[in-house]
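You will see two complexes here that share chain A, one where it goes with chain B and one where it goes with chain C.
== the complex of A and B ==
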């Protein structure tokens, strides 16, 4: 008896130890997770929208036939020499200025040496000792764990220029790795952040802001799915208050901001599970699996990176003169935060509206174009965030596909503002016609369909009388105190007027007569 | 000796060089003399001296952003030991 009980206790104790040793990410409760701090730093690579490559004349374009944009330099043929693309320097400076970086007035290129089939030269031309931009950062706004909107600045360590590698392609049962060198040598800026990020939400907001920024600056299309914006995410965890960072893991292979946030959420739980089980986080590179939302280690032999950087003797330093820097500065396009401030101050729209309307440069430009044609700024904002946005959502979200010109939309808004047509006629009747036949004028559409608002008091008065006379019971009930019936009377008058009556006027007339 | 066999083979591997055993001693000796010379250079006080990254004074040897392709795909792939009509092929690099 005693023996069995002891055995039983032993089994329980043993199984507790076993469970502790094998904590899974899913076992980590939110309460436990909340006792850990996640520390995140990013390396964001962004492809620059130049015509040619960083050091060669080859065409820089996504989605062309494999191996058609590859010249002698890209193939690393003997005797070829790189020559820097001035536009790429300018774009990097533009980004640096937008992020408040200090711009290196003399910047140099270094060779990063390693052998891999997607790198024909056996080294990547990058920047190590003197990158083009240092420090600076990006302001983000995000919802914290309590759901409160929080502002924060994420600092950059530096931004540097480098050439991209080619692409390895694996096709079905093909025995070999296929190589497409179209991308080899195309220009990238790499933004290296300080480990300032603390959650998936913050990181999502950070990358969203960077994507918005490079699009505003016109230097990249920031398309994560096509890989023109790629993030390597360094994640570690530590108990709150711990003086040292935990061991970090680098995650790659995420093709959307959402997937990047999923990867971080999984990885923080995985690392906490390891630490809680008295295990060790391995310093390694992990990939994200879209299908199961997990990260997995790559089965490659981890040799210590030894890139043996040294200054590329084929490339002379770049010196950015005072004149050139001020020319780039004065040609800077307006930035999202500048437009937000302008929209609030100049057009008097709420901060929330300004946030939504500066989401993309195209929407912001459209808003300004309409505001140049009508003074009803807040109404313009309502239209863009309401009916126009609905149309865009149904049609792929691109304002370039919105058929109505700023002038037409301004005319329509003026019609409604002046009371020439009612708001509901403007949004529900004229707007759909305008979408289908954008070349027509809003006023002509309203007139042709007899949608002009009726503000003729005499005419309306007789309609009001008709309605009152036709419903004696309801009128009596109303007079006894069933005031809610007013809506019914208004509705009847509107119906009789073919929806052209001015509802405000109808209300006034009814109130007087009843 | 400032360099040992292990370091030699590590450097050789990073540069993808094959070293024959009979070459080892000579290469070790030669590398050692290079490193000794580096040590001599290191004795010089370079406080306040700009790093010399390039021998020439040339700067801003850049070009404007004009694109043109100079090789056809057939020409570009001509020297590849292994290829199909569209790609250069190499032994599989991932499992």
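== the complex of A and C ==
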């Protein structure tokens, strides 16, 4: 069922008209740019992975057929009333705790009033006066202009809960706007940062860290492409040392961290070009054009909205009791930095390894799962950062697509560690088979292919004898002092053993016989 | 069109006038009365009183078949507590599969896909819903003249209004078109028409009854309330509808007392009233006299009856209209022509669709309140109006609470005048708003209040008297209202006996 609204939505796009005398963004040299400070603040919207919507019982799921998860409340039928989803409160508190926010013990909801076809009630339930989390922040690590890794804390002004709107869909040159209300009512947390960011790199690191955090917390999939993580970026520029911020511009519509960084890089040059040409930066909302890497101003026909916020009389304040808060606190999943410390302290792996292994929660979980099956922690780390990582890089990077179970990988590592197979056989022979046929056991693969390391001395002795007998000249030369020939003999024995011989043992036997 | 005349013998009989459900249920048990007969009786009355315009839609066939089902249950001994209760519901209450339009064109041909909690609880106890009733559009009005179905008429004098906004619901009980009605009360919309029509109307405490399924006018004021012929029926309906509901986060989880079993007032009450209500010339002489008579009678019965000052009461009407219109402007935004209801055929783009749809289908009073509410919430006036009104509301609440630390009840007239003539006040909204002057306090503070009949004026139009009680003090309020009703009847009886002598 599709709701068709007979209407046009007028969006008049226009670009800033440039005269001959004004500077273009491309004219701004790096040296000139370096005399300006870019000031960036973010509003990060993040959809919460709750079973149901923020105030309705409808299923909260991405990618279902249009208008299938739309009960009476989602459609704003008369007589319906909102009821807060406790899980959404818990998720927001989880995020607040992870960011060191102060948690409001009594949080209230407000109505933000505006008309738009994808907003069924004619108002959005949001939080204005008493958001669920205040203050706090996120620590980021990024490479500064000199390429040095720098740490910094980006502060939050607050985090609030609100409901998402539906989607307006325009198909082809159809005059109609199609409305899909599945998304309407989906719980969102909006993280509003202080203007603490100073570059595209910092902003990229900030959003990456937030994405990692919400995934670690299990509250969102943090997927920018699907729109479950969306950023509105406020950018302004000022000469270094200027006491006041410049006029800020809000950029929307960036569907990846990379595009967000591109948008910022363009926007700072655009604004510097304007200021350098004695122009004025206009306070406005701009969209990012993925194709040409530029931002463009947009004007919706309506003038500035007065949202007429007021407390939603349908929702009593939500009281977060001491018991509830401590229950949420004790159910908190481990955070990236906590896992890093644990990996260093408990598994004894280097800090660098710990950083790489905690990049995503899934990798970290996998690492721990393997470590539960084998004590060779450092080897596990080497495997994950080596062959496993290569596989992931070639296959989209998602550990969920890695077919080998932690048990199998641990078994394989144990085979190599115990000398049952050689390291090269493990990585170059058994591992590829395991990737193709993950249900097989490493030991069975090795045995079937005759890859088990041969340490049977009798068998090896006859091979060594064979080699010595077959090359009398070389043996004579060796005995005369050409000791370097030992490598040749070892190689020949290995060849005859199908690479299953233990090279050390072969060396010893050869030395004895020769 | 062929005119088919057929006789249904059981259609032609008259029932005695029942004041209480208890009497009906006694006759159902012992006197051969059946729900089918009751329903036929009411359907007949509705038909012969169609000029009153009390019902917007009558569910004749459905009521008949439900009646047969309830009759069978009565035989089996499995009938619910409301067996024999034939009820009408105001056109703001959702009833699954039935039309619902708040007497507005904007909800033209809208069908409710779910049933209001209050209505469902009545159905679960075997009440029979006979139809939906006329009212002011979106419950905004005090005379039932703001209805897209036209005004309902007062049965005592067809040139007069029945009051509003639950006008149709009050007339229906007054004229015996159903045994009871369900209305909604945001500023007096149950009590004021009950007074104009000489019946009982209750506004319970805010949050006593779930609002789920009630079309919102002003969410922090709206209450569903019964309109009945007797306090005991009101008590029973209230008891059944009240209580926690998973679909409304503002409903109270407080336990519901057995109101209907507690109607035995004993002891002496401390009663406050405002002297001005007995003296102010803006209040009709008859109403002042009858109010004074009640207070004198209570004093004579040994109750403590004390004049008090409640200074903030002057600010009540402005506070009420600022806050209710603010909430209404937001609550009515959903009627935009996008998903259901009326959409203007003239729309050419998004903006014209909104403007034309809402201008065409909302009546003038609804448009006025939406504009007023949008204005008081706008950035430049927010603090001057909305914030200030919120503060006054808090102060009035505190003042009212202080009053109830000393008193059990606050007694006042329900209205300054009896039912006025149709068209008399339509040109002057402010005059119309004054009709709510005594009733809005209970909604501003959230306390329960009841209107019970208090005789008639010299033209024979009904007069009511209002008893307001502490927050969640329904149990005592109903018991006292029942006592006061009986006291009035006793006096009336004595009076008529004296007249005979």
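Note that in this section the second predicted complex is superposed on the first by the 431 of 514 C-alpha atoms of A that agree within 3 Å, B and C clash if a C-alpha of one lies under 4 Å from a C-alpha of the other, contacts with A are read in each partner's own complex, and residues count from 1 in each chain.
In this text, contacts are C-beta pairs under 8 Å (C-beta built on N, C-alpha and C of every residue); 3 or more make two chains touch, one makes a residue touch a chain.
Keep in mind the model is a prediction, meaning the values are calculated, not measured.
Asks: By the touch definition at the top of the document, which applies to A:111: first (chain B), second (chain C), both, or neither?
Replies: So A:111 only meets chain C here.
Asks: Once the structures are superposed on A, label A:87 by its partner contacts, choosing first (chain B), second (chain C), both or neither.
Replies: After superposition on chain A, A:87 lies in contact with chain B alone.
Asks: After the superposition on A, what does A:121 contact: first (chain B), second (chain C), both or neither?
Replies: Touch status of A:121: second partner only.
Asks: Go through the superposed model and pick first if A:176 touches only chain B, second if only chain C, both, or neither.
Replies: Touch status of A:176: first partner only.
Asks: Go through the superposed model and pick first if A:78 touches only chain B, second if only chain C, both, or neither.
Replies: So A:78 only meets chain C here.
Asks: Going by the contact rule set out at the top, does A:269 touch chain B (first), chain C (second), both, or neither?
Replies: A:269: touches no partner chain.
Asks: Just to be sure I read the superposition right, which of the two partners does A:160 touch: chain B = first, chain C = second, or both, or neither?
Replies: Neither partner.
Asks: Looking at A:319 after the superposition, I want to know if it touches chain B, chain C, both of them or none. Which is it: first, second, both, neither?
Replies: A:319 sits against chain B, while chain C stays out of touch.
Asks: Counting touched residues of chain A, say whether chain B or chain C comes out ahead.
Replies: B
Asks: On the A-aligned overlay, A:69 touches which partner chain: chain B = first, chain C = second, or both, or neither?
Replies: first
Asks: Considering each complex separately, which residues of chain A are in contact with chain B in the first and with chain C in the second?
Replies: 72, 75, 83-84, 113, 115, 117, 179, 306, 308, 313, 315-316
Asks: Residues of chain A touching chain B in their complex?
Replies: So the residues of chain A in touch with chain B come to 50-53, 57-60, 65-72, 75, 83-89, 106, 108, 113, 115-117, 129, 168-170, 175-181, 299, 306, 308, 311, 313, 315-319.
Asks: Can you tell me which positions in chain A touch chain C when the two form their complex?
Replies: So the residues of chain A in touch with chain C come to 3, 5-10, 72, 75-84, 111, 113, 115, 117, 120-123, 179, 301-302, 306, 308, 310, 313-316.
Asks: Over in the complex, which chain B residues touch chain A? Could you list them?
Replies: Interface residues on chain B, with respect to chain A: 14, 16, 51, 53-56, 58-71, 73, 76-77, 82, 84, 86-95.
Asks: Where on chain C is chain A touching in the complex?
Replies: Residues 93-94, 100, 102, 107, 110, 112-114, 116, 211-216, 218-220, 246-250, 326-327, 329-330, 332-336, 338-340, 343, 347, 349-351, 353-354, 374, 377-379, 382, 386 of chain C touch chain A in their complex.
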